[in-house]
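Listed next: structures, encoded as structure tokens.
Below are two complexes that have chain A in common, paired first with chain B and then with chain C.
Presenting the complex of A and B:
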């Protein structure tokens, strides 16, 4: 009986992994085929890889787009981690009634769809002369209610005794945070880094509106413009998508162990 | 303390990096698109959505214009069509002018919506271009009130692409496909299906391309020029949906669910005909192994008063923004090239396979070229001949909403619901949506 259950479980897991891996395999195969072969549904590796890559590099300034995306994602992630963890730490460690009311208000902002604030935000950045800069893309999401909440939740399981020990040893509040809190919470930071990096890397609507010239475009914008031609070349699009996906995949695999720990709660 | 200093250092470095990016960018921005005086080069910025088609067309126009204006420069910003519309709407709704280009490409069904929703935003071209030189139906799409906005660009005059080998096998010659009605088309399709096992066409209930082609071929549209729903008491609409259902019922159409499946079906040789706009030519020619097997005939017509064997699917036009600092230059550039140069249209066709509505270019050699892929047929000569026969219609403001209302009811119609009742439902739904 037990054997049967394991078999069913395994069968289910195999089917689920095939389903979730299929798009990736399709993407990798598509990269090596011509557009019409992809449309005909060819499911094997072809010989068009180099040609697709050359065409893509001719058509777009992919290097610049990659650089723009990287700048935004890296600076944005570092900034978000620093600010959100400080906020989450502050809300939880220096707890008071008025602060939890403030936090409630903050959570409300999660209910607001981005489309509703887009136009005012656009006017604001235009007024500050920041449109068409990486700053414009980074700033609006540098602190998100979700990230603050994420750090606050994880801080709940942080052993306060460590802080008290630090205070006894004469550490300042700032050094308690950087010396004791930050190293202990590494898994939380890793999980937050993956989530934030992916958000910045894949963000589309706001960069589309805020970035105006060709040389400032990020990777998702370039991919999107490839896909809307009258006669889209799917082989080229697949190459672009693979290039766009790689950094997220890499970061995930690098931080995978910490990510899983972080999602379970950092300190056990 | 060391740690604190290093964090501080990191923060300041990040901040200065951000600031550096910021200031250098805003500098280059003002120097680039908006400043006209400083440098001797006069630069115009345009937004377009297909670098190998309409973006490339602008580059051809730039080359032609530079012959007489060597200091002219054009920057084309490519983005997806939906992205372009989103950006334009955000800018216009926020009332922020910086970042907007001088020239934008507008999909024809959006013309009225833009001009009406954002009055005085787009430049009036009424007496900048000789519009009698363009196919009348294309100019009709640009006319709002007594003014004409924008420069007519590409058209989507339709044809019936067909596989001559399949039809021959079924016993039909090119003559049998000239000047037919949709009912005859269905009969031919049944024979083709029986003798070759191939479908005659594809059908996609989520795509309104075919109904649009049918409606315009008899001079009608989803909405009236007064922007009211045009579903009830409209014989063309009733006939269109009857034909649509007949094609679906007859079993000659292969069901497809999306654009790539649609293109894939004829690239793989699954269907005998494709009724589509002239811009479909490059996709058809992608299947190099089918060279010499394709031909083009006029589309079938609706068997109704006013029905002709010609229609249109898609097309776009160039607009100039009134608030642009280079407005006069942009207008002059467009008027002298896309608005009145036969050479432009010849090169556009030869290099990019694009067909415009500029009549003087139709008699040029470029339009007379024979295509080996199409068995030596001078396809562009035929397409342009049909383009002068397309009935002119007003696309109105709410084409998309009307199409959505129709799509909502289409499954019921295909299942055999009462047509009059269904049309009344669509009309009601549409009116609820646009109120």
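Presenting the complex of A and C:
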């Protein structure tokens, strides 16, 4: 009986794993097949890989898209980490009544649906003449209540004696933050960096609105526009999807622990 | 000492001022603008106040009703399936004696690393009429003829629900798994001695102990589902007809696809705001009472 239960459990988990992994296998296979083979459900590797890559590079400015995505994700991540950690640090270390009121107010923004702010944001950025720039994509989420909360929660376990020691050594408040807090909190920064990078790298709705010309588009926009064309070529789409997915998969396997920590956020 | 503390609490503002200002500027200010806009109508840059006309229009707008219906359908069907599945898988993986659990955990979590656009397009190709899924189902004799997944209103919704479940089950599982590891194993031992079956232990120990985290995942899933956009746009474009269109997509269409009507689009967006708020309160209340 016990053995049977174990077998059923394994069977269930194997089915779940196969379903979870199937699309990954499918995209790797698809990369090597022609569009019509993919749509006919050919489940084996083919010989179209180089041709698909060449066609993709001819049809789209993929290099530019990769660059655009990278710039947005890297600058956005650095900015978000700096600003959100400053706020999380400030709210926790220099706790005061007025600050905790402000913090409570900021937390409300987590419940604000993006659809409700996107039209005013669009008009705001168009008024500033910043539409169709990476700046427009980066700015609206450069500080999020979620990330501030994440840093605040993690700051709770930061040893404050270190700050006191630094003050004795005559460091300014700002230096305490950059010289003591930041190096001590490296694991927190790593987890936050992964999650923020992924959010920027994968974001779709706001870039779709904010970026209009072909040369400014990010990878998800390229994938989406290839797939929604009149006669989509799935062979090249698969190559584009693999290129889009690869950085995230690499980060996940290299930094699994921090990755999961970032996802879990402040819930512990 | 007291004095010094006050001084340092004043200094903290140099750290919180700029980030706070940015959130006020990019979240609160647009939120307020959106509210004003929801009482206006017009084209291009010329808008004038029309009172509650837009809100009246909501109730007689069949597209809006359809979008709300679809979004709520996803919410009611998909979220419970996903959370339960995540909970069950986490429970199975939490067994210390289980073999290969590292593999299972990684495999089931992996969908979370994909971008929403990429996986949506992958699903679109898998669910093609002559595609791989129909081929497999035909060869296993589950179906007699291919199903036109994306052309049929009901099947198209099923595909959307399946896709979201694929992407997010592992995400929720990770939350449950980390919470389960904080449950004292001696509770289970005591329950086993008292003769409680594994199933009984799951419902009488695991689920009640995880109530706060289940509540948390329910709220973020609800929030996410109410804002569903990327998947639907990239799998079905909202079709066939408008059978899979969500509220976010309708707002996008009203603003950027049809003749732009930012005023009415803002009104529709406030419908999401109200739904998010009401459902979060409802869930908090529900979670609080049962505890």
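Rule of thumb we're sticking to: the second predicted complex is superposed on the first by the 232 of 268 C-alpha atoms of A that agree within 3 Å, B and C clash if a C-alpha of one lies under 4 Å from a C-alpha of the other, contacts with A are read in each partner's own complex, and residues count from 1 in each chain.
Here is the rule we go by: a contact is a pair of C-beta atoms (placed from the backbone, for glycine too) under 8 Å apart; a residue touches a chain by one contact, two chains touch by 3 or more.
Everything numeric here is computed off the predicted structure, so don't read it as measured data.
J.: So, on chain A, is it clash or fit between chain B and chain C?
T.: clash
J.: Which holds for A:9: it touches chain B only (first), chain C only (second), both, or neither?
T.: Touch partner of A:9: chain C, not chain B.
J.: May I ask you to decide whether A:231 touches chain B, chain C, both, or neither, giving the answer as first, second, both or neither?
T.: First partner only.
J.: By the touch definition at the top of the document, which applies to A:130: first (chain B), second (chain C), both, or neither?
T.: In the superposition, A:130 touches chain B alone.
J.: Which partner does A:245 contact after superposing on A: first (chain B), second (chain C), both, neither?
T.: Touch partner of A:245: chain C, not chain B.
J.: Tell me which partner A:94 touches in the superposition: chain B (first), chain C (second), both or neither.
T.: A:94 contacts chain C only, not chain B.
J.: After superposition on the shared chain, which partner residues are touched by A:174: those of chain B (first), chain C (second), both, or neither?
T.: Touch partners of A:174: chain B and chain C.
J.: Quick check for you: in the superposed arrangement, does A:113 touch first (chain B), second (chain C), both or neither?
T.: A:113: touches chain C, not chain B.
J.: So in the superposed three-chain picture, is A:78 touching just chain B, just chain C, both, or none of them (first/second/both/neither)?
T.: First partner only, chain B.
J.: In the overlaid three-chain picture, which partner chain does A:162 touch, first (chain B) or second (chain C), both, or neither?
T.: neither
J.: After superposing on the shared chain, does chain C or chain B touch more chain A residues?
T.: Chain A has more residues touched by C than by the other partner.
J.: In the combined picture, which part of chain B sits where chain C already is, 203-211, 239-247 or 347-355?
T.: Stretch clashing with the third chain: 203-211.
J.: Residue by residue on chain A, keep only those touching chain B in one complex and chain C in the other, then list them.
T.: Overlap of chain B and chain C footprints on chain A: residues 39-41, 118-120, 122-123, 174, 205, 209, 221, 224, 227-228, 234.
J.: Please name which positions on chain B make contact with chain A in the complex.
T.: Residues 3-4, 7, 10-11, 14, 17-19, 21-22, 25-26, 28-29, 32-33, 49-53, 75, 77-83, 86-87, 90-91, 93-96, 98-99, 260, 263-264, 267-268, 279, 282-283, 286-287.
J.: Hey, which residues of chain C end up touching chain A in the complex?
T.: Residues in contact with chain A: 8-16, 18-20, 22-24, 26-31, 33-34, 37, 89, 92-93, 95, 98-100, 103-104, 106-119, 121-126, 128, 130-136, 166, 170-171, 174-175, 178-179, 198, 213, 216, 223, 226-227, 229-230, 233-234, 237, 247-248, 251-252, 255-256, 262, 265-266, 269-270, 272-273, 276-277, 280.
J.: Provide the residue numbers of chain A that touch chain B in the complex, in ascending order.
T.: Chain A reaches chain B through residues 35-36, 39-41, 59, 71, 75, 78-79, 82, 118-120, 122-123, 126, 129-135, 138, 174-175, 178-179, 205, 208-209, 212-214, 216, 221, 224-225, 227-231, 234.
J.: With touch defined as at the start, can you tell me which chain A residues reach chain C in the complex?
T.: The touching residues are 5, 9-10, 12-13, 16-17, 19-24, 26-27, 30, 38-43, 83-84, 86-87, 89-91, 93-96, 99, 102, 106, 109, 111-124, 139-145, 148, 173-174, 177, 198, 201-202, 204-205, 209, 219-221, 223-224, 227-228, 234, 237-238, 241, 244-245, 248-249, 251-252, 256, 260, 263-264, 267-268.
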